[in-house]
Amino acid sequence: MSQILPQEQIDAWKERVTGHAHPMELVVDVLRAIQAHHGWVPDAGVELAAEILGTTPLRVEEIATFYDKIYRRPVGRRVIHVCDSICCWSRGAEEVVGFLRERLGIGFGETSADGCFTLLPSCCLGACGEAPAMMIGLTTHGNLTPARILAILAAESGEAAP
Amino acid sequence: MPKLTIDNQSVEVPDGTNVLEAAKRLGIVIPHFCYHEALGAVGACRLCAMKFEDGPVKGIQMACMVTAQEGMVVSTLDAATVEFRAHVIEWLMMNHPHDCPVCDEGGECQLQDMTVAGGHTLRRYRGLKRTYPNQQLGPFIEHEMNRCIQCYRCARTYQDYCGGEDFGVLGTNQRVYFGRFRDGRLESPFSGNLVDVCPTGVFTDKAFRFKSRYWDLEEAPSVCPHCGLGCATIPGGRYRELQRVRAGSNRQTNGFFICDRGRFGYGHAAHAARPRVPLVDGQEVDWTQALAAARARLDKIIAAHGPRSVALLGSSRAGLEANAQLRSLARLLGTDRVVFAAHAPRDWTARTLAAGLGAQASSLDDVRRSDCLLLIGADPLAEAPLLALAVRQAVRGGARAAIIDPRPVALPCATAHLPLAPWRLGQALAALGDNDWSRFEGQEAVFLEGVHEALAGARHPIVIGGADLLGPAGMRQLLELARRLSREDRPCGAMGVLSGPNSYGAALLAGDGPDFEELSNAMITGEVRALICLESDPLTQAADPAHAGLALARLDLLVALDSLPTKTLGHAQIILPTTVTAEGAGCFVNNEGRMQTFMRVLAPGLPLRETGGGGHPPRLFMADTPGAAPRPAWEILAGLQGRAASLAELRDALAREDVRFAGLTALAAESEGQRVADAGLALPATRVEDYVPRDGELALLVCEALFGSEETAFYSAPLDPVRPEPRLILHERDAGRLGVTPGEQVRLHSAVEEVVLPVEIRADSAPGVAILPRVRGSLVEAFVPGVGPQPCRINREVDHA
Amino acid sequence: MPEWLITLTLILVKLGLVFFVLLTGAAYLVLAERKLLGRMQLRYGPNRVGPFGLLQPLADAVKLLTKEDFIPAQADKFVFFVAPGLAAVTALLAFAVVPFSPPITLFGREVPMVVCDLNIGVLYFLGLSSLAVYGVALGGWASNSKYALLGGIRGLSQLISYELAMGLSLVPVVLMARSFSLTDIVLAQQSVPFALLNPLAFLIFLVSVAAESKRIPFDLPEAENELVAGFHTEYSGMRFGLFFVGEYINMMILGAMITVFFLGGWLGPWLPPIVWFLLKVLAVAFFFIWVRGTLPRLRYDQLMHFGWKVLIPLSLLNVVVTGAVLLWRQG
Amino acid sequence: MNLWRDIKGTVQPFWVTLRNMLRRPVTVRYPEQKRTPPPRYRARIVLTRDPDGGERCVACYLCSAACPVDCISMQAAEAPDGRRHAAWFRINFARCIYCGLCAEACPTLAIQMTPDFAFCKDEPLRLVYEKEDLLINDGGKDREYNFYRHAGIGVVNPRGGNDDEYGPVDVKSNLP
């Protein structure tokens, strides 16, 4: 993928920024747009965002490295965030993680061989009521059991097929 | 004024003081990292815990976060708080690499001090330690992230206080990282402050790397010689070499920070070509012979041509005492031809300012507290960097700042900029004073009206003018404007940006005496046969260096006193080496008329690194130090008068003789300085008609540059890597008309010289003006700032070829 | 040969003899002291120069003579020169009145074995020992050094204080011998030495004499750990040597005095008188060295306290008691 | 006042000294009889090397700061590999009092004292030892210690490569 963001999107963002009183408020949106298009945010993506927002790359990088859902390193087509905070942990998050690791053959921070999944831990997805929970894309999946996980993985990998 | 009790001692502090400061007043220093007087409290390091036993707040609290209130009873020695602090320091030290032996901060490391003060002497943690990669941060700053304790002081200084945008905090959690997006030089001209501010060794001075330990340095309070602001500095030297400068603190001037020019400009003291022995006709002689020879030759010339055939030239680089001694030497010789600056227009501007500033004088601290600032013809980052920082603090505090300047002046804060051609600055000042916008139209009129409104409505307005662009007439107008804007309930301050550390003092001594132009004319006609030149370099400083060259060439005798290897020394028959600021004591009068004394930091001498030749230092017994001959200029000048007086005696005499310097005798080097007394000298109005280009013509404006044009800093090796390349700045309209593209080489034809240099095209400079920042030691060295716009012609080099 | 010439020759010979014996004695006393102290401290003492270190005094002399003669810039030069001489000379002069043997007959002439048998020998001795103070006081003062000055002051007051006790302890001796001549005093001890007859006077004299010679435990004028080297801090080379030699000559003189006043002088069975005399003197010298190896230095206030509040009243009492006893025995 | 105790206390020591006088001296007659000083004897100072053969001295100036007679001087410099070392290092043994404070202050165990106490010279300048004279090819008393393997500044091992360290943090890592 040579292009980080299509030119028309860049222009659209630039236009939005021009009319904005505080362009920095848009930084997460721009980064997410880059991520949506490119999968993750490379250094050039940070520089592009800075250019769009009229600020320095450092200012963008400060935010990009702060949020764990903005990926500054390559990820698979689907990123699995498994909650490991207290509620989920007490309801079996460790087993969920163990199952995922075994199933996908990867550890935290790693991407499966087929480039489909990246496994990341997350602290609290706000789904304590459905613990244990994980998030793929923007969807939260609660009350995980091995069977459910298998179903979700199957669905996601089908969707994420290149 | 709340009164509180800390450790059974009661103290009364001003409203709004935090408890940590209140304790400091009692001499109780509690370990703290994140709190800094200039940065404020954030309560991040959790180290300044105190037990609040009684009063409005109870329990263990962070003292920096609690405002002192009436009736508080606080204990710093409470067992629980002591234990609390000990735990916090142990946590902070958990990942520390314990590499103090190879760390330059060792010895002056707050973390070391606080660790010991906190009672943590033995590491209990046996696990693995976190490590970081480092970044290359340019020629000034060395980065070692492993030592970081995440106090955020660096980011708060760099971004919040100094307004830098290329360095900040990255990451979260266990990988918080302080650095840049990519390796590269820190762009802020205040980056050196990271070294002072970092409580441990993450940021250390690269130019000072591994040179010395803090305890081996000779240090003394001093004043920065690199611009007219007079920032407090603490130079440090060892083995006869000035090795570093760190910021001193003077609440009235610089506060706690200095700029990189002041921090890394010390290299001139160890310049290889620096004059180190008295020379008579190129022969090395001792001081007695040199002084005798100078005196004999002067007497001979006086006998042949009368006393007025001797002229004396002082300098804004020399201290007040040296310039005063020059004046008394002139009296002794019987000549009235004594001038204190080689650049006549600057001289007259400084004299206008010194004569008229009076009660309008504003310090940098006033600027920081101001709520409305007008900068006209002043580019703080180039001419007086700390002023930019002061303006930023004002703006952070809610002030409005307007800039009227032909240059694309960019301050590290939000400002409004009106690019106005230099010859119209006077009109703008007049318009602001008269509230009459008839000579302006459209945006300009709106801008000026807005500025006037803001100034009129502000509580502490200050107008700041640059000497180089305003000139004497403009400076007079600026002072007049400040007077007009002043009301009974609320004065309007004024500040002039002068070039030399002692421009103001030299101007006070000059009074309404002759200027250098008069002097050089007299040299050319042969009326003046001999010149005594005190730390002054007319060949690069004079408004017209070529004319000065002609004048110097006609002299029978040139006696030059200097510490720098200037061009003028090449013409001198007698060279008397002087000490640099850090090697001699003296006094500078800064641009607001504040007398500030500095102490001798180290004795002059050839650095051991040179005499040792890199290997072992010499294995010899020597009676005297090599290269130790330079003497303070005031001592040499007193010697030429046949006197041997101490600095204290000279100050005494000066204070008695001249009521304006009455406070000089009681001035301590670490004090905030003292303003000169106002003697109310009136100067005749001088009016030089500016060159105004006709339509289609371009005017050349030579101006100062941050790292390129200051004289002493030019001789400083640590600044070599950041010296700019010469360039010509054109407005995009003019560039379009000439058909040049950014970076293209153009040929500049001017009365001074014809040079070829690249262009930078800006939209925020004034149209019709070609701006040339001076870079010493480059092909544009002959261009001198401060002479107003000059006619010029610009061709594309391609066309020419 | 005229009578006066013979007398003169004899005096000169005696002088030379005494001079030689005294100086050599002093030098070897130094060696003996160092050796004995060494042994007391389980060391050997000097044993490098010559067999058993016997040439050590010579080596010391050579060293002292070749050392840099240093004079402090601010010193009073003349007094600085004179003081060490005074110290040595007063010590030497005191020996003039010491009889070391009964008169012997030489070439038919009776030659008294004393340089000069003054009839006021005791007073002469007391006078000279008072003068010895000058060497210390002037030397300390002229150096213009605080250590030397303090040492000098201490020496001055110490010598003056103990002089009283010393003088008073000799009064019973004179009372018993009924003469001021030292020869008469020796002869008065034919039957019993005064040390046994009047042990209190003997003890007081012994202590005072130790104090007079500024030896441990009374070496306050030069207390090293307080005053560097006291009154002779600034002295070096042969000037220091003179002070040093003076001290040891003084030790011999005092040994001789104790012998004469209390130990019966040359008197003794079987051995020749001169040998007896020397043995007794050496015994006293050994005793002083022994004391040095044993006792620590007193504090200054203890010294003064002891001198004025103990020794002087005791000696006064002794004078009264001795006088009373003598009167009672006369009936 | 206990007069009897005082008199006894004054007289008794005479017996002690007299008795000692008759005993054999314990003196070792030095040039003829030589005794090997214990290994921790404080005499001539050396600069040791770490097990990899590198100079241990990092020229931190602590020894010169600790030295009560100011007999140590040096100049630190940076080697191309980032190692801090002494450009020159000088001990003036004519001034040294062999107190051992320098060895105690040394954080890298570079400066150590040896039992070699007999190294007098007839000229003071010959007692000024430079780094070449001081440096030995040995680790001295603690052969295994290597400062750079503990201080995480990446000279001997890459940054984060020492036994007691995590690998260097990647600030851009996706892991929280």
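Letters A, B, C and D mark the chains as written, and numbering starts fresh at 1 in each.
Criterion: a contact is a pair of C-beta atoms (placed from the backbone, for glycine too) under 8 Å apart; a residue touches a chain by one contact, two chains touch by 3 or more.
These numbers come from a predicted model, not from an experiment.
A.B. asks: So which chain ends up closest to the centre of the protein, judged by Cα positions averaged per chain?
C.D. replies: Measuring from the global C-alpha mean, the nearest chain centre belongs to B.
A.B. asks: Distance-wise, how many Å sit between the C-alpha centres of chain A and chain B, to the nearest whole number?
C.D. replies: About 49 Å, centre to centre.
A.B. asks: When the C-alpha atoms of chain B and chain C are each averaged to a single point, how far apart are the two points in Å?
C.D. replies: About 78 Å separates the centre of chain B from that of chain C.
A.B. asks: Just the number, please: Cα centre separation of chain C and chain D in whole Å.
C.D. replies: Distance between chain centres, rounded to whole Å: 51 Å.
A.B. asks: Between chain A and chain C, what is the separation of their C-alpha centroids in Å?
C.D. replies: So the centre of chain A lies 105 Å away from the centre of chain C.
A.B. asks: So which bits of chain D are touching at least two other chains?
C.D. replies: Residues 170-173, 176.
A.B. asks: So which stretches of chain B touch two or more other chains?
C.D. replies: Where chain B meets two or more other chains at a single residue, that happens at 170-172, 177.
A.B. asks: By residue number and range, which residues of chain A touch two or more other chains?
C.D. replies: Answer for chain A, listing residues that touch two or more other chains: 65, 68.
A.B. asks: Sort the chain contact graph into one of these: line, ring, star, complete or other.
C.D. replies: other
A.B. asks: Tell me, which pairs of chains are in touch?
C.D. replies: Pairs satisfying the touch definition: A-B, A-D, B-D, C-D.
A.B. asks: Residues of chain A touching chain D in their complex?
C.D. replies: 65, 68, 71-73, 75, 79, 108-109, 118, 120-123
A.B. asks: Give the list of chain D residues in touch with chain C in this complex.
C.D. replies: 10, 13-14, 16-18, 20-27, 29
A.B. asks: Can you check the complex and tell me which residues of chain C touch chain D?
C.D. replies: Per the stated touch rule, the residues are 36, 38-44, 290-291, 293-295.
A.B. asks: Could you pull out which chain D residues touch chain A in their complex?
C.D. replies: 170-176
A.B. asks: Could you pull out which chain B residues touch chain A in their complex?
C.D. replies: Going by the criterion above, the answer is residues 165-172, 177, 180-182.
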